[in-house]
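Both complexes below contain chain A, partnered by chain B and then by chain C.
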Partner chain A sequence: MVLEEDTFKEFEKAVGVGNVNDGEVITDAYAYNWCMEMFNYMDGKEPLPYSSRPKAVILPSSTEEVQKVVKLCNKYGIQVKAQSTGLGPWNCVSSNNSIVVDLRRMNKIVKIDEKNLYCVVEPYVSGAQLQAEIMKYGLNCHMPGAGPQVSPLASATSMNGPGFTSPSTGHSSRNVLGVEWVLPDGEIMRLGSWGMKNNPDWFNGDGPGPSLRGIMRGWAGAKSGLGIFTRVAVKLFPYPCSTDFELSGHSPNYDFKIPDFMRLYVMDCKNFKRLDEIIIQVEKEEISFMCSYLSGLAVMAIFANSFEQMMELMAVGGMKAPLVVIIAARTKREFEYKQKVMDYILEKNKLANIIGKQYTPYPVFYAEALRSNLGLHGFIATGGFQSTLGQCDTAKMCLNSATLNVPAKQLFIKKGAVANDFGEGVWMTSYESGHYFHAESPTMFDQTNKHSVKGTAQYFERSNEIGLVKHLGAPFFVEGDRWHDMFGPHMHNYHLWLRKIKEAFDPNNIADGGFYITPGKDKKGALKK
Partner chain B sequence: MSNNSIISNLINICGEKNVSNDASVLEAYSSDMSYVEAKAPLCVAWPSNAKKIEEIVKLANKLYFSIIPISSSAGPRLHGDTIPQKDNCVVLDLSRMKKLLKLDKKNRVMMIEPGVTFGDIIPTLEKKGLKLNIPLHPRASKSVLASTLEREPVTIPRHMWDSSDPLLCTEVIFGTGDLFRTGTAGGPGTIKQQEKAGIAQLNPMGPTQFSPYRVIQGAQGSMGVVTWATIKLEMKPTIQKVYHLQSDDLQELLDFHHDLIKYRLCDELLILNNLNLACLLKQTPQEINNLAKELKKWNLIYVLAGRGKLANDKLEYLMGDIADIMEEQGLDPSKEKEIINDTNILRVLRQPDTDSWRMRLKGGHQDIFFLSNFERIPEFVSIMESQNSYDLGVYIQALNLGTSHHCEFNIYYNPNNAEESKHLKENFLKTCTKLMDAGAFFNRPYGPWAKEAYERHSASTQSALKKVKKIFDPNNVLNPGVLCFDD
Partner chain C sequence: MDEEEYERMIQRCLRCSICKWVPQIQVKSQKYATICPAMDEYNFHTYSGGGKIILALSYHLGRIGPSDELRDIVYKCTECGGCAVSCKFLNTLEPLEIMCEFRERLVKDGCGPMPAQQKYIEAVKKVNNPYNEPHESRKEWLPKDIQTDPNSKVLFYVGCTASYRRKEMAIATARILNAAGIKFRLLEDETCCGSPILRTGVKDAFLESMNKNLDAIEALDVDTVVFTCAGCYDTFKVDYPLHRKYNFEVKHTVELFDELIQDGKLKLTTEVPLTVTYHDPCHLGRNAERYEEWDGDVVELMPLVNINIPKKPKRCGAEGVYDPPRNILKSISGLKLNEMERIMEYSYCCGAGAGVKSAFPEFALKTAQIRLDEAEDTGAEILVSACPFCSTNLQDAIKEKGSKLQFYDINELILMALGMDIKKVKEKAAEVA
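So, the complex of A and B:
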């Protein structure tokens, strides 16, 4: 037993017998996660796929139980790391004085509000589960690029938030309405209209007055470094086409009846300058369900279910600047109009759609697009995958960032650390009909090979540094003290403000800030000028 | 420190011409149309750039005076949030900071200083083929930046992807006197270096793991003074068609309205009662009353818009799809008789107002506004009607992709009629609290609403907001007395 017996019993009293475990079999399992080995190496540790071992794993079933657990953590000076569906090292503890709160017992879709176009979910509801239910109302949700198996609550409150359908469903952070949040001191905070004493409801998350969503998260989430989110309301969107979803066969070779009013376009814009112009032309028309630039190799990957299949697509992979657009429509009229717009853009820019001519994807591709399952194809080549870059603003900045990253990646390809995509592997998506864009560089590596892990970690560091020195913005993984202290002085000392927030809301430093920020690391006190 | 010393320090920073404590000047800043008690500021300063504002905020921390930022060049001011509530208040009038710093058509964004008004910017945008998602017929002298900071409702809900839209990045001087930039404007690098890298300050989120712009917005100037912001723009349509549906049954219009927003079929979309639609379209009380009598009680206005070579194709598809929805709902558009014309409607939806349309009927108005979900709108209308004995304008605006609804009630009265004014003043707050008790969400709590709204909200919200205030304005120099920061 790792926890003191009395402490264990108190946790058990809070969440029920059988819902606390500090045995090694369980705690070791929670120390393992995808990419942990790479983050360990970046932190100067051995590149093993394990974090520190959590003191215990606790499974609360309600907001009130989460509150009790957090209050006990304050009482005993134990840190807490929460996880929902648990993908990635951000779900692991950063010290051996931390417990994991696994929210898997909180797995309900609390509300589907058809009239007000939102739903309320608990942490362990997956995007796939949610989508299956809201389709019945002709509605759809935003799902992050991580895929339909992950938690929409985690994406909305705590993680990042780009998705393949972002042109039509936005960014997780901007889809948040009411929130229920257990703060690090154990207080329960309910944001916006959900915090009203009279007739609380979830339809708005801001105010009264300033919006505390600004403290909750930014472009990236706080990764449980500022408390635990137990319920969230997120916006819903019209389902993009017919909700008929006829799937047959067996994994991974499913067959699928492509729904009415859905069409895929893949066009080679030849170079980034033209790509920048054309993607904006498409997005200004407000017609796309999905609109992404994918490098040639990435296009091969999204159409393949195996490495062998991927290699058969070399002709597709030869495109220099492929633009992948899916249009989808609710009615025949809408579909015809959107096709006319695409025809016009193709003709105007002398582009050819290769789909149906040079290449016809398996129908299951359309099912995966609707299910936001395309990101998982990044694992096909080597079994290991992670993205660098992640800055967000204009398409031009994203494409600059992709270009500047090529030599850095090529260096580690030459060293045999990462898979050879010529250094060009990129996914860039539009958001909100092209009002902003983000790009990331999916990087395939071998998680079981020390040389590959070390090289990939070194490449990540180099890639982040390029973002800093070339003024491309802060990449995805600027989190944790080391990265904040590196970027902050070049960004109006934002890290000092973030640290003040951490100190004000977490006076006992209870929320594990390994992937956020920790108090007191910067001893300089007053803001630097 | 004496008042004279404060003023002389301000003169050192802004220049003698840009500081005034002349009684006639101060009077304009001492009261507004709200019921917040009148009080004169110590002086007014007109800084010309961020550097001077930074110096003034630092000076306020040193000499213990308060600052009230104001951006609009002229009133009428309505909500009491700029009336001094403490002694030693300096009004920081930013209305002379009027630069359009950037207009980027490709990326549909502009960067503006606080003094840029709707009257300034709308014609400029039109010439460039762009448009801004604006509040309903905004006052020409109203600051665009202040309007976005106050989360004023905008009329195209399908272009409002988040409650913060169309506000994007900001440059802000926090209450500590520190300059900060939010979103991608935060860097790394200067704005010029960022532009060289291709950044246009489009992404409001961040930097990294927090989004300070959200706590500046809705703060009534109590967290920071914004010196510029980037604002999201849309492409200007080349053709548009206005629809006006009338009914005596609000629910009938709301149901149709719901499908229009759910499927994102139209641009502007709003519901007005007959009196408010008449106030918008007509000038004199007689004309207003005549039109109001002609109209049915509830009026749904929506605009279909298309752009470029396929604009007509777009309108055809939209009209066809909408006709199908109307048929499903048993609505018959052919029964509508044309009382108002497209040009007049488009004028009020797209152009600024030279005065204030809410003043035309009686010369005065008091407004009650809050957020509601879809289902409870008729209930709040009933509560309001049961509490009110004045001419009542109603405006319902879907926001944030249709997830919430701005409900606005305009109580029209004659401010020169002492008895009427007194009676309204006595009953105004009572009506508001009745609505709050019923669950109306006063998310923009001005003046005396603040105390009532926070009392009806969970204590943890207030406690968290105070912590945030303590971080960004530890000495409470920015607009003290507003919201929940003064116990």
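So, the complex of A and C:
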């Protein structure tokens, strides 16, 4: 027993018997996460995939129970780390004085407002679950590239948010409406129209009064460093085509009846200059469901379900600047219009669509695209994968950062630390029909090979430094004191404001800020308690 | 799985949680999206397929030692393999194989199996069945009017559960074989197939059972062994060949009866006006896929990137027995089949397997009740399956829940379609019991 007996009992009283565990077996599994070995190495620790072991893991089932847990943490000076579906090192505690609040038992779809195009969900509703329910109304939701198994709430409130369908479903930070939030001191905050005194409802993320959305998550999210979100409203979108979703056969080689009005284009724009022009032309027309630039190898990966299958796609991998576009429609007329626009763009730019000519993907590709399952293909080559860069900017700026990153990656390829993608592995997508762009550089490494882990960590740092030196903006994995303190001075001292927010919202430093920021330093430079 | 592969794999879980759900593109509703009974009951990530891989790594690294807490978590798992199917949609990990291997290691270290499981293993050693029933009464299920032929090339391997607990299944099988004119014989000295022992990680006792059975069968001139128990079938079909090759064919009754119906040897002439839903037993479905032999090489294509040459077959449950039971149901006139959401390779487990029913009976019942909810939601009045173990657990849950569903083994429905009075079969089973 790690917690004092009385403390344990109080937590148990708050969430019910069987929902608190401080045994070594349960807690050790919560110390493990994907890529933790790399983050450990960057922190000067042994590159093992484990963080500190949490003091306990607690499973609340309601906002009130979360509030009780947070108040107890304040009482006992224990830090708290929230997780929804829990993928990634950002879910790990930063010291052994932290407990994990696993929100798994909070799994309700509270509301689907099909007329006003939003829904309200709890943390442990997965993207696939939500999508399955809203498809019944002909609607779609946004999911991050991490896949349909992760939590729309976590992405909307706490972490990043681009996804493969971003051109038509936006970015998590821009989709979030009303929010219910247990602050680090245990107070409950309701944001947006959900905070109204009279007739509270979830439809708006801002007001009455000042909007706190920027403080709540800003761009990259507080990753549990500012309290725990228990319910959130997110925007919904029309499902792009017929919702008849007809799969047959067996895993992994499912067959899929491709919806009538759906078409894939893969075109080689040859170079980044043309790619920049063409992607903007496509996005300006507001016709795409998905519109991504993927390096040749990444195109091979999204069409394959194993590495061996990927190797059969060499012909596709040779493209220099492939643009992958999916258009989909609900009526024949809409489909014809979208195709006409694409035909025009292709002709104008002397582009050829290789689909149906040089290459025809298995139909299951379309199913995965509709269900936002393509990101996970990043793992099929080496089993280990992580991304650098992640700027949110113009297409030109994103492509510029991708170009500048190539020599750094090539260096670590030469050292045998990261797998050879010629340094060019990039995924870039537009948000909201070209309103913004996001580019990241997926990097394949071997998490079981220490040389690879160390080299990838060094490459990560190098890549971040390039972002800084070349004025490319902050990467999307800017997290923790070290990186904020590095980027902040070059970006309007935002890190000082971030600390002020942390201090104001978390006077007792209860929310584990390991992947956010910790309270400010005193005059001697030491971290305040 | 050899030592090297085990060590490599336990370091590779992505902690992506895909193993908690049916394959992502198969999610059809919020209610029936999950695949892992252990997660559904115990909630902590540690109980999931991925969670147990982490435990295997932690144990291997000495971060955690053998303890009752560890044993409980590792054994609160039906080894249904649902996690493995979902993980392997894109990944090359083997969650189920890792868990089996981990159990074996725990047993070696004195940290398994569960006491209730140890008890039934002792019973198998003593009286050849886990129910501790007298070995002499193993054939008491056999009604006098059933014809057997001691010279037949077809052997009906009855199994412990159908012999002692679900006699109606054994009787129904025998009657259908008689009705189709298929001569069959029984083993004089049938022994537990070893499945309930193997799943707990006690390898030596399993091998003993396997050898007894194979010695007995190979001493006869038999070319086909027929099973009505999915567990025995899976064990003979998939697990035995990993340890000892044999040269007879194995068939589950659904496969044999489907063939007989297609060939017109079994004529289902009586209308059975029922709406049914079919539960795929894990041992007849995803886990009944044989391992394909692969004798290739792992070649380093470039630093950090290896490729299997030739391509290594991935065992994802596609070769399970899914069509035969459905064909049978579809060939019964008047019968309507309403499918549940989770079927075939992503079917939800009944909750009984891998020693859970004996060691954690409440967990087994709760899992079965989740499955009943899904069956009820199809609007069916009958839940049908093809495994005596699923049958027992689902029927226990029907009683516990007060569900209006009735459970039938698929062979009982065939009997009805053959015009036999099913009540009599059930009564007969009670009588012989």
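To be clear about the criterion, the second predicted complex is superposed on the first by the 520 of 529 C-alpha atoms of A that agree within 3 Å, B and C clash if a C-alpha of one lies under 4 Å from a C-alpha of the other, contacts with A are read in each partner's own complex, and residues count from 1 in each chain.
Note that contacts are C-beta pairs under 8 Å (C-beta built on N, C-alpha and C of every residue); 3 or more make two chains touch, one makes a residue touch a chain.
No experiment lies behind these values; they were computed from the predicted model shown.
Applying the stated clash criterion after superposition on chain A shows that chain B and chain C can sit side by side. By the document's definition of touching, of the two partners only chain B reaches A:V341; chain C does not.
Touch criterion not met for A:N405: it reaches neither chain B nor chain C. Once chain A of one complex is fitted onto chain A of the other, the partner contacts of A:E308 are limited to chain C, with no touch recorded for chain B. Of the two partner chains, neither chain B nor chain C is touched by A:N353.
By the touch criterion defined above, A:P238 reaches chain B but does not reach chain C.
In the superposed model, the angle subtended at the C-alpha centre of chain A by the C-alpha centres of chain B and chain C comes to 140 degrees, rounded to the nearest 10. By the touch criterion stated above, A:W219 is placed in contact with chain B alone, chain C being left untouched. Of the two partner chains placed by superposition, only chain B is touched by A:A474; chain C is not. Between chain B and chain C, the partner in contact with more residues of chain A is B. When the two structures are aligned on their common chain, the gap between the nearest CA atoms of chain B and chain C comes to 23 Å.
Put simply, chain A uses no single residue to touch chain B in one complex and chain C in the other. Interface residues of chain A facing chain C in the complex, by the touch rule stated above, are 19, 21, 23-26, 28-30, 32-34, 48-50, 57, 59, 85-88, 102, 104-105, 109, 125-126, 128-133, 146-150, 247, 249-254, 305-308, 311, 364, 367-368, 371, 373, 376-377, 379-383, 416, 418-420, 444-449, 452. Those residues of chain B whose C-beta lies close enough to touch chain A in the complex are 106-108, 151, 161-164, 176, 178-181, 184, 186-189, 193-194, 196-203, 205-220, 223, 232, 235, 258, 261-264, 309-310, 313-314, 316-317, 320-321, 324, 371-376, 400-404, 436-439, 441-445, 450, 453-454, 456-458, 460-461, 463-465, 467-468, 470-472, 483-484.
Within the complex, the chain C residues that touch chain A are 8, 11-18, 20-21, 23-30, 33, 43-46, 51, 54-55, 57-58, 61, 63-64, 67, 69-70, 73, 85-86, 88-92, 301-305, 307-308, 311-312, 314, 316-318, 320, 322, 344-346.
In the complex of the two chains, the chain A residues touching chain B come out as 113, 115-118, 170-171, 173-175, 177, 183, 187-193, 195-201, 203-215, 217-223, 225, 235, 237-238, 280, 284, 330-331, 333-334, 336-337, 340-341, 344, 391-394, 396-401, 432, 434-436, 467-474, 478-479, 484, 487, 490-494, 497-498, 500-501, 504-505, 516-517, 527.
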